[in-house]
Each structure stands twice: as structure tokens, then as C-alpha cells.
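One structure is given below, encoded as C-alpha cells.
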Amino acid sequence: MFRVARLIAAKDLRIELRSRIVTNQVLPFAGIVMVMFAFALNTDLIVERVAPGLVWLATLFSLLILVQRAFAIETADGATDAMRAAGVDPAGIFLGKTLALAVQLALLEALLLVIAVVLYSAKVRPGSVVLLLATFVAATVGLALVGTLYGGLAAGVRGRETLLPLLLLPVVAPVLIGATRATEAALGTAGAVVADGWPWLGLLAVFAALFGVGGTLAFGPLIEE
Amino acid sequence: MFRVARLIAAKDLRIELRSRIVTNQVLPFAGIVMVMFAFALNTDLIVERVAPGLVWLATLFSLLILVQRAFAIETADGATDAMRAAGVDPAGIFLGKTLALAVQLALLEALLLVIAVVLYSAKVRPGSVVLLLATFVAATVGLALVGTLYGGLAAGVRGRETLLPLLLLPVVAPVLIGATRATEAALGTAGAVVADGWPWLGLLAVFAALFGVGGTLAFGPLIEE
Amino acid sequence: MAVTDTQIAVAGPGEGSARNRSATSTAFTRALGVATIVSMALLALFGLFLSPADVVQNESVRILYIHVGTVWIAYVAFGLTAISSAAFLWKRTTSLTWDRIAGASAEVGVLFMALTLFAGAIWGRLSWGKFWVWDARVTTTAFLFVTYIGYLAVRGLGGSHQQRGRRSAVVALLAVLEIPLVHFSVKLWRGLHQDSSVADTTKVQLHGLMLFSLFLSLIAFTLLYAWLVIHRQRVLAMQDALEDKGLDHALEQRRQESDR
Amino acid sequence: PVVHLSSAVAVLGQFPVLAGADLLVERGEIVLLQGPNGAGKTSLLRLCAGLMPLARGEATILGHDLRTERDAIRRRVGLLGHANGLYADLTVSENVRFWGSTVGATATEIGAAIERMGLAQRLSAVQVAKLSAGQRRRTALACLIARRAELWLLDEPHAGLDATGRDELDDTLRTATASGATVLVASHELERAGALATRIVEIVGGQVREHGPATGPETGAAA
Amino acid sequence: PVVHLSSAVAVLGQFPVLAGADLLVERGEIVLLQGPNGAGKTSLLRLCAGLMPLARGEATILGHDLRTERDAIRRRVGLLGHANGLYADLTVSENVRFWGSTVGATATEIGAAIERMGLAQRLSAVQVAKLSAGQRRRTALACLIARRAELWLLDEPHAGLDATGRDELDDTLRTATASGATVLVASHELERAGALATRIVEIVGGQVREHGPATGPETGAAA
């Protein structure tokens, strides 16, 4: 299982390195999204108030694109069928693609956080770095897991461009909320204190664990015709 | 030119009716996006304040999906090549696909506006209906035009999922702003008065006219090898 | 537009062959380089020492010389990109040289715009207390910046040179329309940002030396821009030429396939 | 001549897919392009269809210069590539009607084309997404037939077609040439396509090697 | 028996692509499936590969029940479909290595497979996106060969391959069967595949019609 996972993650990341999609296009895209939000809600104090939420919204939209891309690779020339026919362990596929996705997401979030700090003049307090990091790790893993799970479900279905968001967005709503609150706590937005953050972090962890186990088990049946 | 345009628009809309992508998936997606915003910016007064902006943001993200879908149809089995080889008038293709896209967008925006009215308790004042309608028409046409233009450019390129947003978002920013302000004026958000709306409507009209002419001329060279 | 003419002249095949193909510099560009350095030094001198501090902005006003200089040259650069793109698209004048000029100019323009944003952000920290504010001009500038990054991305898409030229030319012609938007954004949405205070003299009178330093910065950055574009444009020409050379070799190999 | 390439060079990326190809095709011929994988057959057909820029050399198609008069060429040429260019969500007849009408074919011509490729029964109302590989190929051919092009460029048209489909195709091509059209066929099925062709040219390493006249259509008809 | 279908029914949407197919294939056979477009050849192969649910009837592949033991079957079966299942951004060798290693093939086996399909030179470092149709097919075949399956299911393997490629493929299949593998080939190129096959079965309307032994491999070798 893990051998397969490693192979697939390596394959996906190599393809990414070849096509440089994330670095050249998703990152700028995420950046623009942040700017657009801030612009749509032009008044400063509002922006600062909701900066953490915006970071995670932007991450979400980028996630959609990343997942789409991740499975476009597979369905373009019937690789999914080939995998099933070759009896590749679905759990391995799931974990592998999740891993690759998580790596790319992490990259992205790092950038978004920087943008937030600069654009929205959000402040990172030393005391809260741990919480912030933990939040990002938990949220990233969770998003990657659920993204891969539903991506696999939507892949192959015609019109997946649009099925995916429909499936994904409602499910990740809790992540969005949890991550936002935790980040607010870490950044001390609107006088939130670090302590407030931990329960939310717990929520994220639970979410990640849930989809980790669930996905590993469910992915096989899911990609069966 | 217009004969071709009609044929292509009819074709796209028929495919849409077959696959019901917009009705079954994009509409819900847009709806979810709106709800998510409401989540992310939980405080009510903020939401009401920025409702118009959110409507247009949601439209924008749906536009991305719609454009991608519109050209996924063409590139899936090399139809773009076939069109070029058959010497189909590019201007016709451009106008045709724009038309189909505009129809779908209009549908979408109508729904979003309803959601906004319900969810964000935005109020439509009788006096401002004209402005509101004009704004929506102008913005829709503009978005459809620019979406088709850049969609055509990105189509066929590998990794188009991500090139498209990069090209599209900064260009439609003015539409976003103009439409938002005009809508605010129409809805009287934050005490804006109807009169404020008209200049913005002008901006939208100019934008649409520009891309209408530009696109019709440029689409040919753009999709040429 | 004198800049353009010289560029085309040097990039033209006649002159090109006369020039040592392995180098991008000519007597003209060397002179230009020297002039650039000198003017930069002068700018530093006037900008940092001779010109007085501002009453409101005090010392921080010196950022103006970078901020405004770079942004106006960036405008010029994008304008030139648009013009040469049009020239490329127009059947009568079409030539890959125009495409290269467009590309080079856009690259330098993006560079300058980055400087503008940077200087602006620093200045903002000093005078507004924030690196970034949601002022109209500031934001529209960011959009303009991203648009041209997109333009460069389109140039990088690959395909034949002609295709690269056509695609990017179209994008350039559309992108340039954002400049007026940026310029008038202050009037459109009366925001925090400085209104055109230099252009029209009815506004607050800039101190004479300040005005002089500002124009000095314009000259300095113009020279720098010209120098960069000319060289970049020649490098691009060499790259294309190199590819053509490579083609001859590739053709040989391809024909070999028939012998095995 | 309908097709006249003289030392034509076409480049993809950095790679010269055509490395100085010379080809002369007269009206009414059926020319078979054969050669190893990657030799440049598809590229040559795409070049003739005006889908590839001509890097060097000269090329005139149907009397039009390939560099300057692409549109004129495209209006008179029909290409069947490796891909079918069909819309998966539309039915067979809808696809043929769409492609036919974009080039101004009449309803009767379109109906005839569908009939010709044996898609008139159940299949005409089935969505292309549900078709088998060969049925898709037939649909693509029907779209092409509806165009009544003067120069047919076919890239492995027999691949995926069953026995009857092949015969129908060959007949169609013969009648087309009889009425003044010209055909270029790239194929690896030498027995089949050789019997159809009036001339065989071999393509190797992006260059054309003449092969002299092949077994003409009459033998093909016998086959 | 390696393949044993008895009145097998498979359904896509509402349509019975297989309407009660009976087939019995012994170890070491090379069976050619022929038949008109849409007859059900692809469907039959996909069924045997465990990619389609069995609606009715019985099916055992390599001694495993198709309903209950899919995974066991998939591990021992190799399928080449109409699509190639390659990653366009990866090079030829990277693709073969990936597909090989997912099923635990050794580096030498993988290298041999690439060699076998004549992709060892320039091409092995070229991205699949840039390959010609036939070169892609070759790559897909190399991926399949690297698997060393016990049951080979090939859907029109000759399509797109040039003369040498076809010979290489046929040799590969013969050696494979010689060493105990079994092959099902769906094809429309009767001369070619007929020469290769030890037995021909015709498929029409989702049902199998036996055809008796064909010209065995020896004649094929002569061809």
C-alpha cells in the first residue's frame, strides 16, 4: 500500500515539476483571489477583521483547482481505468494522491499567509506560532484528504469541472470555520486569545482523522464503476 | 458570421440541456459559495454591507467554471482543430460561444440576486429596477465576452485549468468593481443613492463594447497555430 | 519614441550582421550605459541629499523619486509593448522583431512596476502606517501588475514564434487598456492615494529642487529602461537565431532517421 | 497540381516533423502515405490542411499559397485526424448536422452522409459518448462526407472500422475521386489501403520517397 | 480453462452490450475476436478484465469467479484498451517505469519491455505528449509487456502500429503464449490477426459465434 502511495505521489509531483502549474499559475491565482476579496469588501477594518477567513476561502478555491488538475491527469487518457485494471491498491492511490496534494497545498498556504500579513496587516504573535502551525498542518491534511476523496468520485463523471465544487464545498465548510477561528485566535483578530484556538484545532484534527480512515477504506468502492 | 454564431450557440445550449451541468451543479455551487461567504464573514452587518460585492464575486467564480466547461467541450475530442480545419469563421465561433455563455450567466445571476435578497436581506427599491437590470445585462455581456476570449486562448494549452483564472481575474476586476458599485447604488447599500449607479453602468458598457469589438477581431489570431 | 527607432535600427538584420553576434553591446549602448550610471549617481545625490525634506512627509518623501519615476516608466514600457504588438499584428509591418521588442519591454515594465509596488508599500508603511491599503489606485496597480505577469505567462506557453507573437500581441493590446483605469482610479474612487499632484500645477506646489529631482529620476529611469530593453531585445533575438541554428542541425538528424 | 510541396519544413517545438518534404499530387489521385511510426504522415496531412505553420520551403494546395491563403484552402479541404472531433453529449445525427451545416451542407446531403456510413438506424439517435470506437469513427467520416471537400486528407481512416465499414469507405472515396476530388490517405494497413490507392509514397524521417504507381483502383475493386 | 463465460450478460446504461455470451478459452491459446462495430468486443474484453459488472450468467477468469474475486483476477490480467492510459507530461521511460513498478516489475523487465517495442533510443526521453499516435501505442504496449500478465486482453493492438511494430508485437505474443500465457485479441485486421490467432471467434450482437481453428501461428510466422 505505502509502496504504491509513494510511487503515485512521486509521479504526481514529478508531473507538477514538469508542468509547473502550481508554481506558475495557482499561486498567482490564489494571490489574486485574496486581492479580489479584499477589494470587494473595500473598507479596511472589515478586511482586517475577516483576513483569516479570506486566507481559508482562497485556499479553498485553490483546492478546487488543484484537485481538478490532479484528476485531470488521471482521466485524460484513461489512466484511472488502467489503474483499476492493473489492480493497483485503491488505498495506495488515495494516500499517494493525498500526499502530493497536501504538499502543493502547504506551499500555497504559506504564500497566502504571507500575503495576509502584508496586505491585511495581520500580526503573528510569537506565543501563537505553535497553534498557527498546528492549525495549518491539520487543515492542510484534512483538505487534501477530502479533496482527493471527492476528486476521485467526480473524476470520470462527465462535467466533473462542476460536480467537484458541488460535492466539496459543503463538506469542507467545517474546516473553513474551524481553521478560520483557530487562525483568528492565533493572529488575535478582534481580540481573540490563543486559548480559544485549541478546541477548533481539535475539530480540524478529528476531521482529518475521520477522512483519513474513511477515505482509505472508501476509495476503492468509490472508483469502482 | 452570424449564421455560424447561431449554430454554435444552439449547439452549446443543447449540450447544456443534455448534460444539465449548469442547472444541476453550477447553480448549487454558486449558492454554496454565497452561503460560505456568509459563514466566513459571520457578523450580520458586515454581510449586509458587502452583499452586492459577494453576488458578483460568486458570479465571477462561477464564470471561471462555466468558461472551463465551455471549452472542455471543444478540446475533449479535438473539435477545436476540426473547426479550424473546416475554416469556420473565428468571429462566428467567438460570438456563438459568447452568446451561449451569456445566457447561462444570466440564469445564474438571477438566482444569486434572489439568494442575496433572501440571505443577506438586501432590498430592491422599485425606483432602481431599471438600473439594476441594465447593470446585470451590461456586466453579463462583458463577462461572457472576456471569458470566451481568454477561454479560447487557454483552451488546448495543457494546464488550462489554472492559466484561465490567472488571465481572467485581473481583467474582470473592473467589471467586479463597477457592477458592485452599481448594484450597491441600486440596492441602496450603505445609503448609496441610485444616481451614483449610472457612471458605473457606463464603465460596464464601455468594457463590454471594448471586448466585443476586440474579441471579434482578435479571436481568429488567438486560436491560430 | 526615439528609443524604439534606435532599437529597430540595431535589431535590423543589416546592423545586426555588422555587430559582433556574440555580444549584445554596441558603442551606442555602451554610451547609453555610462549615461545611465551617471544619471543614477546624480539622482542619488539630489534625491538623498540636495533635495529638501517635505513638510508633511518629511524625509520619507524621498521615496517619491523611485516610486513615481518607476511607475511612469512602467507605463511607457507597457505602452511600447502595446505599440509594437500592434505593429506585429499589422500585416504590412509584421516582423518578429516587433514581438521581441514587445516582450522585452513588458519584462522591464514588470520589473519597474514591482519597484513601484515595493517603494509604495514602504512609503505606505511610513505615511499610512500600513504596507497596504485598499485604496483604488493601489489595488488597480496590483491588478495591472498581475495582468502583465499573465502576459509573460502567455509568452511562455510555447508553440511557434509566430503563434507566441500573435497570442501575446492580442493580450498586450487588451492589457494596456488598464493603464488609464489605474491613472484615473483616484478620480473614479477618491481614495487615500496621492492625486496627480505633479502633472497639474494648480495643486500643492512641489519645492523646486524636489521637482527637479523628480524629473532627474524620470531621465535616469528612462535611460536605464532603454538600456535594459535594447539588450534584452537583442538577447531574445539571439535566442531565436540560436533556435534556428539548432533547427538546421535537427533537420540533419531527422533526415538521418531514413538511413537507419 | 492539387498538392504541391517543395522541400517543405514544419516544426513542432524544436523538432522538425517535416524535414524538406517534396510531394506532387494531381487531381483525381488517391495517394497512400505509408512509413514508420513518427515518420511525419500525420504532420504532412495537418500541414496540407493548414493546421501547421510552414517553417521553410514552398507549399501550394488547390492553387492557394499555404502561407498566405489558409482560409481559402480550409474551405475546400476536409481532414480526418486521429481524433474524431465529435461532441460526446450530442447524438450521431446532431453531430453530423452540426458539422455539415457549419460548412453549409444541405439537409439532404447530411442525410445521405449518415445513410452512407450506415448510421441511419438506431444509432442516429444515440449519444456519441455511448458509441463504440468504430461507430465513432463512422460518425466522424459521415461528418467529413457531408462536407464534399475537393481534397480529402485521411489519417488512418480504416482503423477501427469493421469489414463492411471499410468497403463503404473505399467506395465513397472512389466515387469522390471519380467526380474530381483528390485523396491523401495515411495508413499502416498496406494490403487494404494499397489496393485502394493509385499511388504509394513512403515517408521516412520527415521526407517523402516516391514509390511509383501501385495496384490501381480496379484491382482494389476486385479485392 | 483460462476464460470461461457462460451466457454472460453485461449492461451499460439500459443497453445490453453482452447478451448472453458463451466463451471457453484454454491456456496458451491466441483467440481472435472479430465482428462488426458495436458487436461487443471491447465490452467482452473489459468484462474479462473485471472492469464491468456481470449482470447475469457465470464467468470465471483464471479460475477466479468474476463476481467475487475481481482483485485476484486483476492482478493476473493485462488489458490494452482503446485508450492508452499514459501520462502526457511524463517521458516514455518514466511512464513504463511507473506502470511497471506499480505491479512490481523489476528494472530489468522494464528495460527489456522498452527495448522490445523499439523505444530505447531518442524516444525514451521524449514526453508522451509529443509522440505520434503509433509511438504512444508502442509505449502503452511496453507498459503492458512489463506486467508479464497470464491473460492478455488486447483491443485492436495493431491499430496505429507500423509494419515492424506489428511484427514485434506478434512475436511478443507468440513468445508469451509459448511460456504459458493466454491472449484474447479484438481486431478488424483479419489478415494480420487471423495469421496470428490459433482460433477465431465471431461476436455479433453481444453474442459469441464459434468459428473453429484458424491458420495457426506457424502460418502466421510465415506471413
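Miscellaneous remarks
The chains carry the letters A, B, C, D and E, assigned in the order they are written, with residues numbered from 1 in each.
We adopt the following convention: a contact is a pair of C-beta atoms (placed from the backbone, for glycine too) under 8 Å apart; a residue touches a chain by one contact, two chains touch by 3 or more.
Please read all numbers here as calculations on a predicted model, not as lab measurements.
Graph distance from subunit B to subunit D, where chains that touch are one step apart, equals 1. Ranked by number of C-beta pairs in contact, the top chain pair is A-B.
When chain centres are set by their Cα atoms, the one at the greatest distance from subunit A is D. When every chain is reduced to the mean of its CA atoms, the largest separation from subunit C belongs to E. Centre-to-centre spacing of subunit C and subunit D amounts to 48 Å, using the average Cα coordinate of each chain.
Computed from the mean C-alpha positions, the centre of subunit D lies at a distance of 29 Å from the centre of subunit E.
For the pair subunit A and subunit C, the distance between mean C-alpha positions equals 37 Å. Counting partner chains per residue, subunit B has residues 19, 158, 163, 166, 169-170, 173, 225 touching two or more of them. For subunit D, the set of residues touching two or more other chains reads 13, 15, 39, 53, 88-89.
Annotation for subunit C: residues touching 2 or more other chains are 143, 146, 149-150, 153, 160, 163.
Residues 19, 21-22, 25-26, 28-29, 32-33, 36-37, 39-41, 43, 46, 49-50, 53-54, 56-57, 60-61, 65, 68-69, 72, 158-159, 161-163, 165-166, 169-170, 173, 176-177, 180 of subunit B are the ones that touch subunit A when the two sit in their complex. Residues 24-25, 28, 31-32, 35, 38-39, 42-44, 47, 118-121 of subunit A are the ones that touch subunit C when the two sit in their complex.
Of all residues in subunit C, only 158, 160, 162-163, 243, 246-247, 250-251, 254-259 touch subunit D in the complex they form.
If you check the complex, the residues on subunit C that touch subunit B are 89, 140, 143-144, 146-147, 149-150, 153-154, 157, 159-160, 163, 166-167, 169-171, 173-175, 177-178, 181.
On subunit A, the positions that touch subunit E within their shared complex are 4, 7-8, 11, 14-15, 18-19, 73, 76-79, 81-88, 225.
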